[in-house]
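The letters A, B and C name the chains in turn, as written, and every chain counts its residues from 1.
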């Protein structure tokens, strides 16, 4: 399981990385943590002609607060988010470090990066699902400059995003905190890719649901928002009945894939159950 | 044919210089170019963790890194923990707990546990189990590995409990 | 739980056996000073990789290696025509067995996806894989078969032309003309088909081989990760046409085997052939993709049974049609008959049964061949009989533990001759069930379960009882009619001129700690400490002929040979020591490194001194005593049965179908325990693999016999998060067929777990009428079964 040959360049800056990408051509790939890319290369399912290593570009590794907004540099590792203890930075965003614990295992989280997950766009990815849930914006940088893409436009299909072949993700921005949020995931073993994962964020006022956001991963070729279920919850009384209905509604519209870890119908069942449970968790969440 | 790259890295405190093609994984560089055969290859896809080493202090899967990515890195492998005449406290506890049978996965678990215990000086049993679920063992059923890490954590907290 | 120690135990304080002595093997394994085959790297090494068939069934029209030979770093590319070597042809001398040959490289046809067609040798594994990719093979794909159903259907394409109906073995093992009448009269007949999924051993170290030609000695030296070095030596010598004494086989540290590595594989023979031909060292390290998709598998079985019970729960009769999906070839030397024959012979297990019929079939399919993976059919047949027990108990309204107690062979019935002709020596079948049930508080279970059900929780408790046949000597293997009949074991015990002892034995520890346990046994015989004894295995130049380590044989047979040899050496030392002390041999004893006069401990001579005399002052030896201190012994027992009861408590998540194991208890009896720490470790590892078989692992194939679970992401080896705490209790029924009283036990953990878990899950869902008849238990299937039932709890209102 040895990869095919490739040329290797290390970039010291974003500008240099973009230059190298352009020079090496469309079969070149950017590598950051490599935790998703290298296994694919070991099986020779990915055969880049060149790797542009951006992992040492220090200015891309940060987790910052800007008022309500949270800015995550593309090279922040999963572990950076899981263990961030800087006062105030993750207030209202604790869903993120909680989600980090579902991503592989500890030694994968020391290398794997937030931006890497976003750019890789695995349909079961927790970060992609949370980006969609919390209406994040992805900053894509090319030689011409940077542009911002809403998460709802960014994830186009399996391993397919709105990134042009000569762009890299440099930052992901979350506009507002979501203190009442929760994540639930079903995987066969600890650390496995999710069969189905669900994340929810609620706004509750005067004992009623003001708004609800529900995102699912593993149920399509990209993360999805359960917009019908969300609409159904607006104004509803939080509780088993409403959450059960919302779960069913979220599952009803789905046509998930089938594989050896679960059929399409099973994934729908899981979706309904996990949405119901995650809504219950979100009501009780605080930060 | 792709060019070889010159890579300088430090392993267990010793500096090394190698010439490697880009696709040569860090675990192959350590084992075959530098002779640190204590780190093992079990899957080459980043699941089993037999290849776990510390890179700049962090546990990583050396089968998922290319040697060229380890330029200027400080790598620690199992050979740096102790030797047969002077086992480290963690190695002693693994032995007295019978936390190894064939020994093939053991170096990976030792490096994983070393990093984990350093970062979690007072872990709960659940935290130990979750962290040790990072690596696969086929012989021990994990029972004694968890017991060993528990004892090692307790020994750090209270050295008088050390065997 | 047993903990390592450095002091002997026992009433006289002088026995190392029975003590959890810390392992001698550990320091090198803990510090990276171990040597596994991939650590062996002679100068000038060539690396091998294989071009493998993407098709499960195809004709090979042509093989063109031109492009591959020109790939950078490639030195040689060979196909079957280039090598002209015979293949592996394992034989059972039975008329109902079809002999087939597994060619080293596929020639003319391929019979499973992943079968090797060409061998590439290059300066690095990286370059060899580039070369393998570049080999151009023209295949003409054909129709294949991917399951027992498909393979045995009328008109199914044949995997081997010589095996009609794709049956490589079709044995009417046992029959009984009265059986049907007894089943007809039975109060309950459990009529069901039980299936077990395809597994593979997946040791963390894959298969590995380095072969080098020693020009000075004109010998081939083969380093191989293997469980039976002497078998490898003979096989390679035979296939390559070399005199056997010109082949040396070394198994250094071996990273797990579990039976995968007790058969001789084609790739390793090819590596040896390449090294001999090129007179350059050659290495092949199986990668994990090869290991999971193109190596050896096991445990895929389907058993249709009718099990009859009387109204009081008495087991009245058992009619079994046992089929094993053995893949495309027979493994060398055990043959594909190993699974069906063991299944039929041992299906009745620890139960009293007279009326028994069994047909056993080895069904060929276009998948990789099977090898004897840990447990070898016992996990599957235990699943069958233990599920039948629980199903019958429910139908008869009897408690499942009571039903078993009624049928388990009792202490006054030993030795018990089974309906299939096996002789069961003494065991603790009932006592282990009683203890296990007590540990899990079975008496209050139904009350606890009712309480949980009222809260919408699905909890279950299940047991499995089994006997484990171990320590098969030659007669036991001979009854299988294998052309290559394993069984006996040899030990060579030598004391050097300084009083240190070397024990060389033909077994092959790959995690079981023989360097420690055999030292404990020898130390007890010789009045020494384990650290005075060095145990050597794994080098055919150094060790006497032996049959390696598999089938739970080593402690009983290897340990037996070591004990016998130790006794002989002790006798000689006593004779010499007595002579030097001027007393009769029966007046001295060996202890604490000395030979002393009984009752007069002040009158003694150090064993080291005696050793010196035996070598450097042979003129002082008693008349008629040979100089030097070397003895050899063999041991060849009829076999002995250990036993255990496993008990599990589980909880099923009604929303996902996932199964969590809340408690797991083992009450095991393997006779006298040489090292309790090591025995418990074996139970832990076996149970983990058994839980894996029950809930996680399965090698899935599609209808084109293409592998769907070829990576560790899809073949779900459990992590520490999936394996619960395993509670172990010991009983001890020493074996009279074992020199030490120890029985084998290495496979027991795996044998009991699938049945215990399946029974617990069935118990959890019994009120919904769900009975588990297939493992592994997929959460999806459980969820489906829960949903289907009208009495299912509704989803709402649950946590």
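Quick note on the criterion: contacts are C-beta pairs under 8 Å (C-beta built on N, C-alpha and C of every residue); 3 or more make two chains touch, one makes a residue touch a chain.
Remember, predicted model here, so these are calculated numbers, not experimental data.
Here the chain at the heart of the shown protein, by mean C-alpha position, is C. Between A-B and B-C, more C-beta contact pairs join the chains of B-C. Look at where the CA atoms of chain A average out and do the same for chain C: the two points lie 43 Å apart. With centres defined as mean CA coordinates, chain C is found 29 Å away from chain B. Among the residues of chain B, those in touch with two or more other chains are 1, 21, 23, 44-45, 130, 133-135.
Annotation for chain A: residues touching 2 or more other chains are 1-5, 43, 189-191.
For chain C, the set of residues that touch two or more other chains comprises 126, 287-288, 711, 713, 719-722.
Residues 1-4, 20, 22-23, 25-36, 38-39, 41, 72, 126, 201-206, 253-256, 258, 285, 287-288, 510-513, 677-678, 680-681, 683-689, 711-713, 717, 719-723, 725-726, 749 of chain C touch chain B in their complex. Of all residues in chain A, those touching chain C in their complex are 1-5, 43-44, 186, 188-193, 240-241, 244, 260-263, 266, 269-270, 272-273, 276-277. Put simply, chain C touches chain A in their complex at residues 125-126, 129-130, 133, 287-289, 655-656, 658, 696, 700, 708-709, 711, 713-714, 716, 718-722, 779-780, 783-784, 787, 795-797, 799. In the complex of the two chains, the chain B residues touching chain A come out as 1-3, 5, 21-23, 25, 44-46, 49, 52, 58-61, 63-66, 68-69, 71, 112, 115-116, 130-131, 133-135. Those residues of chain B whose C-beta lies close enough to touch chain C in the complex are 1, 21, 23-24, 31-32, 36-45, 47-48, 50, 77-79, 81-85, 87, 91, 94-98, 100-107, 110, 129-130, 132-147.
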